[in-house]
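Shared between the two complexes below is chain A, which has chain B as its partner in the first and chain C in the second.
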Partner chain A sequence: MSKLLIVDDEVEICEFLKSFFEDRDFEVAVANGGSQALEKVAAFHPEVVLLDIQMPGMDGLQVLKKIKETYPKVKVIMVTAVETQEKIEEAMRFGADNYITKPLSLEYLEKDVQDKIDILAKGF
Partner chain B sequence: MPTKADSQDIPKFDYQEVLRDVARSMVRLKRPERLLKLITRFIDRQFGLTHTSLLVLDPKKGRYVFVNSKGAKRLPVGLVKFDIDHPLMQWFSGSKKKLPVQKDFLFLSDVKKMLSRAEFRMAANSRGDLLAGIQKTMQNLNIELLVPGYFKDTLVGLLMLGRRVNGRSFTTQEVTFFQTLAHDCSMAVKTTEYNQNLIEQNQELANRLEEIERMRAKEQRTYYEIMRSLAEEVHAKEPYIFSHVSEVERLGIMTAREMGIGLSGKTKDLLSAALVLHDVGKIGIPDSILCKPGQLTPEEWQIMKTHVEKGARILEPLTDFKKVREIIMAHHERFDGNGYPRGLKGDEILIEARIICVVDSFHAIVSSRCYREGHSIDYAIHEIQKCAGAQFDPVVVDAFLRALKIELQKKGEVPSSLAEYISK
Partner chain C sequence: MKQKGWTSLKRDAPFHVRTPKTVLKKVLVGLVLFSFGAFVAYLLPFLMSFSGASGPWVHHPLLPILVMTAIFVSAYKSTEHRIKKFLEKYFFHKKTFAQMTLMDLTGELAVNLDIQEIANLVVNTFGEVLQLKTVALLVPDPLEDHFEIASAFGWTISASKKVRLAADTPLLKMIHQTGPHVLMRGPVLQSLSWQEANALARDLDSLQAAWIIPLFVKGELTGLLAFGALVPDTVFDQGDFHFFREFAAAIAPCVHNAMVVKRLRQLNFELQDSQSQWVQKTKLNAIEKLAAGIAHEIHNPLAIISGKAQVLLMQRGPKQLEPNVQEALNAIVKQTHRAADITRKLLMYSQGSRGPQERISLEKVLDETLSLLAYQASTDKIEIVRNLDRELPLFFANMQEIREIFLNLLLNAVEAVGAEGKIVVELKYRRDEELIEIVCSDTGKGIPVEHLDKVFNPFYTTRHEAVGLGLFVTKQIVHRYGGSIRVESQVGIGSMFTLQLPYVAEAMREKEPVKTGAAVLNR
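And now, the complex of A and B:
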């Protein structure tokens, strides 16, 4: 089973996406903040992380940087409500594997997560 | 007589009453968000569903987004969007004729039934793909029933309803009720959108008008500057130390002030423009007449007199200064009625024109012209006084001489002829 970590400060979003991906046979963990996300990455070993950029405290960009420093193989998809070019460029510089803006298309989200899993399966 | 079981099936509220409430709210509410929230909450409470969610079209972005969601399995508002080409939207936006069921609503169970039919399984046709996409979405979002809301032919939104917590299915009456509410929501959304567009369009129009007004004012200013240069040009060949135009302007303003004419903003601009431009029509008079050293022949006088109308005509594009044209038309009228072109008399002549008449004559007498030397101030004062009541308005003459006295006093050069004048 593929492992997915969902990071968002909004509990409802986490719950919704968790059940969405669980229905698709993913093993899902959630984190509601930056430091919790880093703990989960260390303990849960996700293959893909869905990471919200805007979070109180440690924001998504800082979390991304730390994940990529320690676990460069983990695929990280940034999720952002406001599409600001600077944030996206910064995320890409820190090694984000893609970004998706909210509101998002569920079909696209599913496909993108699956793509990352497929890439990992091929050993990249 | 209804059985006890039947009466339990009748909901504990009056549909008509609810719909009337909604209609009343629609009229009252300027923003539809509150009404949509009200409807969502109402359905959630009355029917006990896993969730009640409202998806609404964002026409500017061409996509559908959730605006409300209630219930235990509610959907996070703002997370999910549906583009207009999503199977759900295609299904409800498509023509009714193509659809095997009434497109007014869609049960998950009906979608499943349609998919299981051989025709859809055998042929991988587009309707089969569409239904597969719809089924997937309904399952993802735990939707049992979809009710569309239209405005004219536009799919404005979808009412998405989860399962009943008690497991009962929806009655026909209930579905009809949902359809009415979905329709009301669409009306509210669309009406507000129209209002909003109207407000935005009005604002844009106001901005454009402002821009046009700015450009027009600038154009008028430019035209005025050109006219001023033209007016200066009329006297260019004359050896004035100061520009005749500027001097006449200064003396005229001075006189108007002395007369107690309120000179602020537009009034002053008008008087200034008239003083500056009064002889601009002379640009159309041949130099042979304009600078003739001797007396003009009667024919030459006729031509000379046309400078009044010529000036007024040249200034026609200066629409901001319509009155200036009237003043210029009247600046050769005489107080006694013997002037030209119309022979106006006394108060019939605009006060600005009466002022121009005096100050222009005074400055012409003291200045050197191409055909003669200038006269002394004393001589000019005497001439002006002599003509008060005939060529000139005596009140204006009085005010002018008082103002002139004050000016000369400052220089310490008061001529004896002005001794009697005491400024008010």
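And now, the complex of A and C:
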């Protein structure tokens, strides 16, 4: 079973994503903030992280940087409510694997997560 | 270089040129003195007899001649000037009249602050009064570091526009050396080596001038009055040159002040321009902040609504949704994305687009946009006419932005026309002005006069279901391309939007001009 970590300060967003991916046989963990996300990455060892950019406290970009420093193999898909060019460029510089905007298209998201897992399975 | 008529002053002409007039004056002075001498000689025998002198020599015929000569020789020097002045005053009215006219002009110039008017008055009066062939008044261009012709007499406009006298040209260097003296082509060229003379002659030829009067104000060169004569051997005497210097001293401050005023006006205009750009930028920044805030606050709830609907729609397993439930969920997903698009759009335009630019066919983009509206137009009995220039060049722009312009203009027109009417879209390339012109007119309900200046404001709308960003966004795009947009409208008859975009064929346009506001031009 593929492991997916969902990080968003909006509990409801985490909830429906969790049920969506569990329905598709993923093992899903949820974090509602930056520091909690880092703890979960260490304990849960997800293959893919869905990471919200705008969060109170440690924001998504900082979390992304730390994840990529410690676990460079983990695939991170950034989720944003507002896509400013600067934020997207910064995220790409920190090694984000993709970014998607809210409201989400679950069809696209599912395909993208699956792509990342396939890449990992091939050993990249 | 072949010398032209106005330059054909003999190179060996002495500095103090004798004109027919000065010779005439000298002859007149001589005549007056001789007559005085003759009168004295005639009286001599009587004077002699009164004083008691006598003898045969008194009646000698050589005596009167001797006396006449003596008086002529001794009195010539001292009286010449006075008699000349007297003669000039009463017998050579023409020149005095010319000088008076020119001095009158200086009084008129002193109360004028428009450099163009001053220049026109100076060259025309100077040229006509002195019956010259060419006169040109050159003034410095403070930004470009050269002198150019402000106004010219006896020149073709196109020729006068071409003249540029750089600060390091031999002529200007020479004038800085010689100061406020009138520069005469012949003598000056003669005093130089042939290389220097050739270089200077080229400058003088470019100004079609045989004489240059420099205009100095406090040691600063503020202008040049360059002129050439109609008659090749026209010459001016010392009195004329003295007057020219006086005239130059009188008009120089006027020219200087007018130039200062012109510069101030320019600066004031630039200031106003940058101020309005700043206001525009501030407005955009405020909208950007607002849009970013709204987007963040709204996109999360929208994501939840749409997400939950999608989870239900894409559920796996035996449970099948009722068709009407499925339909409702689809509508929820679709409408939440539509709502998110509004804030995204607002954000995108307030930030300025950074999309790629390429050479695009405006006709193709227009046709694509028209095809989007074709269905609505046909159901509503709206006739859409395209009116295109036969040779429309490819335009270097962002396809998305140009499409947005057409779409917004056409959507507005369709909305204004209602159930029945006509929309005309014109695309023109104005070659001489290098402008692309887009005109969209409709036979719709029109815009009331009091709303005309508001139609480009964000959130201005007359429709309940509309956001009111279409024309605002269009204006932002047009400004980003350095263009202008205006609207004419009459209630009950229709509206006409005219857009002008500076034509650009290649990637020469500045990057992101809207961020600096540099490209906002209102033609």
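FYI, the second predicted complex is superposed on the first by the 124 of 124 C-alpha atoms of A that agree within 3 Å, B and C clash if a C-alpha of one lies under 4 Å from a C-alpha of the other, contacts with A are read in each partner's own complex, and residues count from 1 in each chain.
The working rule: contacts are C-beta pairs under 8 Å (C-beta built on N, C-alpha and C of every residue); 3 or more make two chains touch, one makes a residue touch a chain.
From a predicted model like this one, the values you see are computed outputs, not experimental measurements.
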TODO: Put chain B and chain C onto chain A via the superposition and say whether they clash or fit.
DONE: clash
Open item on the list: After the superposition on A, what does A:L106 contact: first (chain B), second (chain C), both or neither?
Closed with: both
Task: Partner touching more residues of chain A, whether chain B or chain C - done: C
TODO: Go through the superposed model and pick first if A:Q54 touches only chain B, second if only chain C, both, or neither.
DONE: second
- [ ] Return first, second, both or neither, reflecting whether A:F16 touches chain B, chain C, both chains, or no partner chain.
- [x] both
TODO: Using the superposition on A, tell me which residues of chain A are in contact with chain B and, in the other complex, with chain C.
DONE: 10, 12-13, 16-17, 20, 23, 81, 102-107
Open item on the list: Which residues of chain A touch chain B once you look at their complex with the stated criterion?
Closed with: 10, 12-13, 16-17, 20, 23, 81, 102-107
Open item on the list: List the residues on chain A that touch chain C in their complex, please.
Closed with: 10, 12-13, 16-17, 19-20, 23-24, 54, 81-85, 101-107
Task: In the complex, chain C residues that touch chain A - done: 292, 295-296, 299-300, 302-308, 310-311, 314-317, 336-337, 340, 344, 347, 351, 354
Open item on the list: Considering only the defined contacts, which chain B positions touch chain A in the complex?
Closed with: 63, 65-66, 74-76, 78-83, 86, 137, 139-140
